[in-house]
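Pasting the structures here.
Look for subunit A in each of the two complexes below; its partner is subunit B in the first and subunit C in the second.
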Partner chain A sequence: MILTKKQRRVEWVFAIIMILLSLLFLFPVVWMIANSFKPDAAITADMNSVRAFIPPAPSGNFFDNYLSIITNTSFLRYMGNTLLYAAALIVLSVIVNGLAGYALAKIDFPFRERWLLIIMMLMIVPTETIITIHFLFIAKMGLLNTVVGYILPMIVNPFNIFLFRQVFISLPDDVWEAAQLDHCSAIKYFFTMVLPMSKTVVATVSVFTFLSVWNDYLWPSLVFTSSDLLTAQIGLNSITANVNTTMGMTLALITMVTIPVIIIYSLFSKQIVEGVVSTGSKEG
Partner chain B sequence: MSFIELKNIYKKYPGADKNSVSDVSLNIEEKEFIAFVGPSGCGKSTTLRMIAGFEDITAGELYIDGQKMNEVAPKDRGIAMVFQNYALYPHMTVEKNISYGLKNMKVPADEIKKKVDWAIKVLGLEEYRRRKPKNLSGGQRQRVALGRAIVKDTKLFLMDEPLSNLDAKLRVSMRNEISKLHRQIGSTTIYVTHDQIEAMTMADRIVIMKDGIVQQVGKPMDLYKHPANKFVAGFIGSPQMNFYNVTVSGNVVTFEDGSKITLPESITSKLGRQGEFILGIRGEDIKLDAQNIDIFKADKQSAVVENVEVMGNENNLYFTFGGASSVARVSKYEVSEIGDEIEFVLNPMRMHFFDKDTELCCI
Partner chain C sequence: MSFFGPALVLLTIFLFLPMILTLIFSFTDYFALNPDLTHFTGLGNYISIFKDEMFLKAFINTVKFVIIIVPLQGGGALALALLINRATYCKKYFKVAFFVPVVMSLAVVSTLWMQIYSPEGILNTLLGKVGIAPQPFIHGANQALPAIAIMSSWQGMGYQMIIFLGGLQAINPGLYEAAEMDHASAWKKFKDITLPELKPLCVFVFITITIGAFKMIVQPMVMTGGGPSHSTYTLVYDIYETGTVNWEIGLASTMAIVFIAFVVVLTVIQTILTRDKEDKEEKNDTYKKAKAR
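Right after this comes the complex of A and B.
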């Protein structure tokens, strides 16, 4: 596309505004990462200067805060726990919400549209309002302080169901018909055809699920009492509450919790945008 | 018993006012190539989908190879199908698309390889075997869809407008390939198309449908020469048959614009009655050559050419005659230009007379 002079000028101004905004948002992140390598004295000394945004020169004690976390706390274990929960939830979330989305998109059953409406209405209910019910339910089942108790209420997600439904509705019906003639069962079709044909939405739901598990604080703090099962966010809170934890260690902890999120966002930003955009697409 | 029997098949969709398919009865013999043809919404694809098992049969019975199939699942009907939009598995290579069904049917691996290699060779897909559908052209995708069907050794092939997404040139070559493949494999084939040329050139028999009702079943040339009604006469043949509202009185046919021609005794006696009819005559039976004009000189007509379609091997001349727009298909040597006055005769032996009310063919 050839731009006119005026259009090019507008593009430049727009780009500059975007860069300035990005810097504004990156500001605390850069500060956090730079100071996570410093001892507390240096953090305090650099507080009011530009040096607060510059990491110290690499030396023997460059990674002290990180090493201290690894050796003196169980934070790596908490991170491992969280990764494990996230992995399990991603698999279950794709299967359960995907199957529900497929049924709503492709299977003709009574009151299908009403069900969809109910699911869409559930999307506007904040998790905090139903968390007490979840807690009582899990407690009654005797699943408190268990991985199953933590995962179970998080599997079904109305937003993910809606996301899957919006993508599956555009899948051509004749592929299913061809698969039937190829002796493919409905379940096999879902796993070997529908999911591979909908990689974008699978990636989107996986990323959203990972982020929701990684960032969740309230639900794991209610379910888990045993320190062996804690997630990264709860672990972060309990470690920073300890009087022996330094400011540098706290910043290193927060960096460790933040980095995976940044990596995931940078790797899957395209899928996240495509997945969300697809929810607004016209029905096929 | 025929290989496929449709007995009084009806299809009515829930909430619909009328039947999509009404009282279709048809026998299809083994190894026959039969084409369902008709305009959009005539019920041809619905009938095919009922045979495949993708649509429930509202009433009637369907038999394939002597077995009643009304309640049998598509996979158990012993059919293979080629879809209009190919319906390839987009994440699988050509090879995997073709072998997928065989794997599900638990065919031994070495046999799968043999069959896939054969199909790929027959369809000329050797260099594309590891490509995914998105990296293939329309014609190549259609061949993969054919490959997926032919490896399964089924006795019945169903094809739902398989060439409609291809360009004109490719359609002609694929038409040829499908006919060749049919002769080579010898499976019974039911082919749905809205293109009467495809049906005429490929099928052993054609089923013409309109509004869910079978209008006529027959060999291509039988339909062309002896259409059962005005719809069939108009649908088969290109350019379309010319139709005129006429009054027959004695031996004289009077057109709406007052033009008259005389019919031979043999025709009027066959016609049996007098009065109003629709006269149909094909473009090639409107003669402009001196020899024919000399034979039928008493009934010579004239008109002014309004448009000329130069087809290369022949010309189509458009003019108004008998109160209707008409087309004459003439040889490439009979050159006329727009505005020329032409003289012509209608070959009475090739005329079709349709009842004005029922539109059924009288002769």
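Right after this comes the complex of A and C.
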């Protein structure tokens, strides 16, 4: 589109108004990051001026809040825990949901169409309502406060099964026929051919699994009581509840929890945006 | 079938069985600390929860929350999408900027806004600059729920904005070109082309926000503990406390069933409302016919 000089000026004015709007929208985030580098006295003192939104000049104690979190709390350990849980869940959830999705797409078994319908209906059920029963089960199995107890109910996910099925159904059948001639077993074929051929959906499911583990609050708060096993979100809550935690430390903490998510989003923004848009277009 | 096996086992233990048990328990007075004394109580629980003041309060709070957040978040998302779609410069920056809160977790956002909403916090300082007296926000029984709703819609808006942007880009540009030849005003183009084209997406977005809002629990858990004077105590919070704190699994199950029924009804409404594609095409035809004339 070719713009005249006047039109271009109008567009720039519009863009500048939008930039101001976005800054207003983001003021909590800007404030969070800027003040995570300040001692509490400076946070309060700066509150009344524009300096509230500007980080302090870099000096020897620029990272004090972050350092005191790393040395005085177990927060790094909680972040590490969460990364491990997420990694385990990604592997399990790709295998279990992927196999199920493949079965629903390509393998003929009794009531296959009926199962697909049931899986789609299960996507509606809000997990918040059966969390009590999960808690009861895990307690009865003696798995409270264990990693297994935390991971077990989260592996199977009707939404992921459905996602895998939708992708696998369009895989060409002749590859499988050729593989059979080579005496390739179905399970070997799945791991060496199907998954590598479907990198995008594997990435999407992995990213969404990571985000759901990293951001989950309700379920880990029920399962974990021991401070050694806590996830980042629960650890965050227990640290901020401590009277020794300053406001600056709290802001540094929540900045730290957000960093891995920002990395994931910037690496996989394409898959995520496509995933988000497709939820809309699928239903609409 | 062996491929489906692992998923089937887990689905049975963690979805089918819990759902069946929830339904069965909802007709009993199952108390987890003393399971031997369980009786079948018929519809007793269903009658008693609707007489239970706390449940009714939680129900009303949840409905209030939904009423505030749905227009705020859905309307906000649509407005942002329209503005970004119109922009020529810095488009990418705008998309990222308004999406940033979405990537933050509920616990993080709640912790951050506790500081922002604090009596001597940054928001009260900013309001003071424009001459508004300090507000209690989450510490006042009247303001706590709206304050949490504003925060939640701020956090979620970017997600629906992306959905709307996808929808806007899918609209056939020919429709706008036809309207431009007719010298249609911007408002007329919005009303006659954009809105009807986006209608199925709007229904989807508004229902998703509604269902999401009905499940709200983490924000009051982190920020207010359901207070002050239970003004931020929600349905799911009540289910959670009744089940895992008081161990009254029977009662909690009844609440869960009522809640699931609600969500299912909303989903059915969504399916019906988004199904009238023929209706939409008809409107397009009338528009084109009107153009032809």
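Assume the second predicted complex is superposed on the first by the 244 of 284 C-alpha atoms of A that agree within 3 Å, B and C clash if a C-alpha of one lies under 4 Å from a C-alpha of the other, contacts with A are read in each partner's own complex, and residues count from 1 in each chain.
One rule holds in what follows: a residue touches a chain if its C-beta (ideal position, glycine included) is under 8 Å from a C-beta of that chain, and two chains touch if they have at least 3 such contacts.
Note that the structure is a prediction, hence the values are computed from the model and not measured.
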- Pick one for A:Leu24: touches subunit B only (first), subunit C only (second), both, or neither. neither
- Which partner, subunit B or subunit C, is in contact with more residues of subunit A? C
- May I ask you to decide whether A:Val50 touches subunit B, subunit C, both, or neither, giving the answer as first, second, both or neither? neither
- Message: By the touch definition at the top of the document, which applies to A:Tyr102: first (subunit B), second (subunit C), both, or neither?
- Response: second
- After lining up the shared chain so the two structures overlap, which partner does A:Ile155 touch, if you call subunit B first and subunit C second: first, second, both or neither? second
- Return first, second, both or neither, reflecting whether A:Pro126 touches subunit B, subunit C, both chains, or no partner chain. second
- subunit B versus subunit C as contact partner of A:Val243, first or second or both or neither: neither
- Message: Once chain A of both complexes is superposed, is A:Val261 in touch with subunit B (first), subunit C (second), both, or neither?
- Response: second
- Task: Using the superposition on A, tell me which residues of subunit A are in contact with subunit B and, in the other complex, with subunit C.
- Result: none
- Task: Spell out the residues on subunit A that touch subunit C in their complex, using ranges where they run on.
- Result: 1, 3, 11-12, 14-15, 18-19, 21-22, 25-29, 31-32, 44, 47-48, 52, 95-97, 99-100, 102-104, 107, 109-110, 115, 122, 124-126, 128-137, 152-153, 155-156, 158, 161, 186-187, 190, 214-215, 217-218, 221-222, 233, 236-237, 240, 247, 250-251, 253-254, 257-258, 261-262, 265, 273, 276-277, 279-281, 283-284
- Item | subunit B-touching residues of subunit A, taken from the complex the two chains share | 172, 174-175, 177-184, 188, 193, 196-197
- Message: If we count contacts the way the header does, which residues on subunit B are in touch with subunit A in the complex?
- Response: 52, 54, 73-75, 79-81, 83-85, 87-91, 100-101, 104-105, 148
- Query: For subunit C, which residues count as touching subunit A in their complex?
  - Reply: 1, 3-4, 6-8, 10-11, 13-15, 17-19, 21-22, 32, 83-84, 86-90, 93-94, 97-98, 100-101, 103-108, 111-113, 115-116, 120, 122, 125, 154, 159, 162-163, 165-167, 170, 200-201, 203-205, 211, 214-215, 217-218, 221-222, 236, 239-240, 243-244, 249, 252-253, 256, 259-260, 263-264, 267, 270, 274
